[in-house]
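Same chain, two partners: chain A is paired with chain B first, then with chain C.
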Partner chain A sequence: MSLKAESVSPDWFKHKRADKNLIVNPVIPWLMIGFPVLILVAIVIYPTIWMGYHAFQNTNMMKLFYQDWEYIGWQNFATVLSDDRMWDSVGRLIQYLIFGACLEVLLGTILALTLFELVKSQLARVIILILLVLPMMLPPSIVATLWKFLLQAYNGAVNHLLIKIGILGPMERIEWLDAGLSLWSLTMVDVWQWTALPLLIVYSGRVSLPPAIYEAAKVDGASQFMVLRRLTLPLLKEIIAIAFIIRFMDAYKFVDKVYVMTSGGPAQSSELPVFIAFQKGIREVEIGEAAAYAWIIFAVAMVLITLFLKYLKKVLKAQTFA
Partner chain B sequence: MAELELQSICKAFQHPVLDRLSLKVPQGEFFVIVGPSGIGKTTLLRCIAGLENLDGGKILFDGQDVTNVPPYQRGAAMTFESYALYPHKTVFENIASPLVAAKTEVTEIRRRVQDVTKLLQIPHLLERKPHEISGGQKQRTALGRTLVAKPKVYLLDEPISHLDAKIRAELRIQFHTLKELREVATVYVTHDYAEALSLGDRIGVMGDGGLVQIGTGREVFDQPNSLFVAQHLGQPTINVLDGQLQKDNEDLVFKSDEMQLPVSRELANKLKNDSGREVKIGLRPQFIHCLSEWENDKDLPVFSFQAEVELNEALGSYGVLLVKAMGKSLTVITSPEIHYSPGQKVELSIETNRSLYFDAQNGMNLGTDLTRMEADG
Partner chain C sequence: MDSATNRLIRYLFLSFLAIWLVFTIFPLYFQFITSLKPVAEINSMVPTFWPETMRPENYSGIFADPGSLKSLIDSLIVSIANTLLSLFLGTLAGYALARFIRGFAGENIAMWILSNRMFPPVAVIIPMFFLFDATPWGTDSYFSLITLYLVFNLPLATWLMMVFFRDAPRELEEAAYLDGFTPLQTFFKVTLPLVFPGMVSVAMLCWIFAWNEYLFANLMTGTTVKTFPVHIPSFTSGSQTLWNLVMAFSMVAMLPPVLLFIFLRRYMVRGLSLGVVKG
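Up next, the complex of A and B:
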């Protein structure tokens, strides 16, 4: 005889389960899902398929107008990949990622930990955080416009300030948005706006670390530097990485400030891949080539995001029990 | 040579927690602080470790004032009730961390960590991370991290409270024999009175504002200076009855409603002018006996009374009887072999010379010397 307990539902329970107190017209769920699906199809799925199709056609403005494009195989991709303009922009993207995203995360981490260690009053912390986060609250196009004015070579406030404090002579000017400096200026503006995000992420991570282990470290005799190097940074490693991933993904599609401040110029010196795709597709109406651009960008993003998600999964798994 | 001295230290949060607390723990002494939760035991340890700033008073290690010395230079080792293990480090790294901070040689670190883990029976866990081990193992890791250091003062905050009974008993014995603990001063906090009585060279019972009584285990158990101490030490809790001292012919008696208990001669002499005074009587359950269990070779007690059993708990090594006698509820410790059923009538006797009398207002023990109490508290 088996000793396994049989699970027999009592009658009242069966009765309760059989009770259909929510009677819904079967059409309603379909309607509720249907509308969002339709919208998605209209603005995302259809254009994506359309783009996929045109990446293999020789579509441009005239051909689109007369609807007589034809299949040309992988030729669009070949054009894009052999274009120096594309490879130059990839180089600039890497430069931007290293000096933009990394600097933002580095500065954000330093600021967050300094804020936590030095400012002990909760009110002061909140006020400082709000001040630091303000730039992030502005729309990127506004920030870009603002800085475009500030960085004007002649009437710009930045140069004016530099002359005032004597770094520049009275007749000297820095051409912030000139070919040599434009990408650096863009990076600087982006750092100004987005440092607050890693700051917030790292700060909240630091706040959530248990104070008891810091006390234990103090009693153990660890110096401030040791606590930072052996406790705080290893424990915040994953959180800093997540902050970097978020900034990286943003940076990858960085186009707004480029568009407003330099339009990729002068002489295409501040173009980034996404901006070129936009330029090709919307300005030059080289639909086929722009579609190929978009596919390449999409494919690289897929690879990167897969790697990031894999990393995130590992992090989450490690943190479940901690 | 390591000695801890507290000179009237004060610490307040919203209300005063430590009020002019003074204490001297000589080298090699195992000083146990026992008290109800939330009374400030942990705060006291944190003050000694330097994690809290004092509002007044001085802390001396070895005669040196360390009141304003930061915790990492004080030379105290502390266990935390929440373990406070470093989550990203292995058990080995956790235990080794005070040695690493002190820049000890690698071979020496390895040797000492191994010694400690052997003692705590966790050598098989060295490579695991804190989230991979059980609560009891975490607690032993935390204890290991404390024991591995060579501090001037050990501060142990309920270090074995979450272990299972068997390991707890083993570690309790280890604490008695550990020579590291005998070289320095140790302050040990617990809420378990049995642990306190077992381990403490001296015991400090903590009440509001500081240590209510300091003494050896026997002293605080047999001669509690106040009702608070008497109620806190002992399991089952001491029976407390409200009543009055009255003159019955020439003898002093304790009277509470229908109950009338003779006061021991020694105490009656001391309190002979206190007839009519409101008092509380403390009767330890082990000093109330069922006459049916009375052993023949002992003299029969002079005083006995009838009671009715309400509840009988057989706890293995002893039984706990809840009885009603003369309108009062009493707890009695009995032999575990005899079964009592609710409603049964039993004849009880009280060792009246072991009764404790407390002032009804301030709870002070009327039997102890007033001069002693002042010295303690």
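Up next, the complex of A and C:
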């Protein structure tokens, strides 16, 4: 609901308040919002503060058990920031964000527009759309297990398919999950699964554009390429940006396929920052260090999310005015 | 641009679409045929691209195995309970945010709630592990999973319900008040029917996310409660994996979200884009 509409239409809520005859007791809305907020405070804010506290303690499993951790200042942060394992994983994360999230949005946009503009039959479009978007609905654990099976070096389906096509010789094998390729394989699997999201969003956005403006462009004799550049892409700009934001934030916390497919290995070659934080906290129970990791990840996410949400709000507001 | 180049570009894009379609379908096709093969055929040096011997018993094997069945039921319990809870709380908060708490406070509360969905859960899970460990139910319980899945589903449900309630015309509610409806009557008889399709889409999305969830389930549970993603590794013993059963089990487990998507995709687009695409 837009601000403009509010100021124009009579506001029954305010009107009744003026009469001292409230429709709803003003406490009730705060109760309605209070329960969910309290739950989120308990399951998100409390843990975050807990981690913030332990980031400055030398907590590990034994110390947590006997409750005798002590304050060590910024030492955990220093350990984390001077750790090569951390910086290597940051490099991998950047690689993954570029070739995962960005590529997904690019491919999704191209595929969605190709599907809409160049496939003429309505039925064919719907069927192709459903098939292309299917991977997104699959549980990530199943996707990861399936690809681990397909990418096996010796009798995996992918290598044998490449042999059949003639890209590989009959005795050649690509070790998809060894140290050199594991992160690329993970990225490929993620692209396989999540190109569907930008595709679906952009396709639906394109469907909802009014046909009238395209009629006008046709009358003016604009070529299809011109229409795409001057009309479709500018109109879909915001929708594409939102799709990118959603993918980017999911990719930033990407960890489930790493667990199933490679467990960060071999030789730590596919570890991402979030994965290391989990390993530190859950497997090694170095709570203090894990907390410092988590807080660094958290702080970066906070900056990104604040920017993204501002943009999302702007887009939603602009829509209601349109 | 002359028409020959134009046509060439079209064919280029169409063939890219075709290649991508094959790339998308092939793994799913291979999963399906693997679920019908006997183990010996899967472990042979050269994989077959169509089963030489059909073995549909893989599927009956899944349903005869109590562990597999229990994991599917556990997944159902956790995902349905979490969806209902998210939907109920999300509807309450979404309505309050759309109608009563507006302006600066309302917008910031809404943004804060949504931001919870985007945060990496890494800061949440370690403290929650110790917190649930201290409760009488322990970490390995329905309670812990149903609660933890609220981390991502409650913000989504609240935000989307807020967007749907804002779309529902306020004038209808106004008219109902003037006709003497109480707030509760107005809510149930006027507002709720208006946002019902939206509620369906929120429920579907929350359910799919809860059903598919792996990370929390893997770290928190595994013995008393075992959802299906956590059950998959149990088809492996030593170095031997019964891939035919893994694939058959996966086919069964992924069928519900896929069917939901095929029939209700129109309702889901809005939710998946956080309310931006009208769909």
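To be clear about the criterion, the second predicted complex is superposed on the first by the 266 of 322 C-alpha atoms of A that agree within 3 Å, B and C clash if a C-alpha of one lies under 4 Å from a C-alpha of the other, contacts with A are read in each partner's own complex, and residues count from 1 in each chain.
Methods note: a residue touches a chain if its C-beta (ideal position, glycine included) is under 8 Å from a C-beta of that chain, and two chains touch if they have at least 3 such contacts.
What you are looking at is a predicted structure, and each value in this text was computed from that prediction instead of being measured.
J.: Tell me which touches more residues of chain A here: chain C or chain B.
T.: C
J.: Taking the superposition on A as described, I'd like to know which of chain B and chain C A:223 touches: first, second, both or neither.
T.: After superposition on chain A, A:223 lies in contact with both partners, chain B and chain C.
J.: With the two structures laid over each other on chain A, which partner does A:315 touch: chain B (first), chain C (second), both, or neither?
T.: In the superposition, A:315 contacts chain C only.
J.: With the two complexes superposed on chain A, say which partner A:114 touches: chain B (first), chain C (second), both, or neither.
T.: second
J.: Between chain B and chain C, which residues of chain A are contacted by each of them?
T.: 223
J.: Across the complex, what residues on chain A touch chain C?
T.: For chain A paired with chain C, touching residues are 1, 9, 12-13, 23-24, 26, 28-30, 32-33, 35-37, 39-40, 43-44, 46-48, 50-51, 64, 107, 110-111, 114-115, 118-119, 128, 130-135, 137-142, 145-147, 149-150, 154-157, 160-161, 192, 195, 197, 200-201, 204-205, 208, 223-225, 238-239, 242-243, 246, 249, 252-253, 255-256, 259-260, 274, 277-278, 281-282, 287, 290-291, 293-295, 297-298, 301-302, 305-306, 308-309, 312-313, 315-316, 319-320.
J.: Quick one: in the complex, what on chain C touches chain A?
T.: 1, 6, 10, 13-14, 16-17, 20-21, 23-28, 30-31, 34, 43-47, 49, 89-90, 92-93, 95-101, 107, 109, 111, 113-116, 118-131, 147-148, 150-151, 154-155, 158, 163, 166, 170-171, 174, 177, 183, 208, 211-212, 214-215, 218-219, 228-229, 232, 243, 246-247, 250, 253-254, 257-258, 260-262, 265, 269, 272-279
J.: What does chain A use to touch chain B in their complex?
T.: Answer in residue numbers: 210, 212-213, 215-223, 226, 231, 234-235, 321-322.
J.: Which of the residues in chain B end up touching chain A in this complex?
T.: The touching residues are 46, 49-51, 70-78, 80, 82-88, 97-98, 101-102, 130-132, 145, 149.
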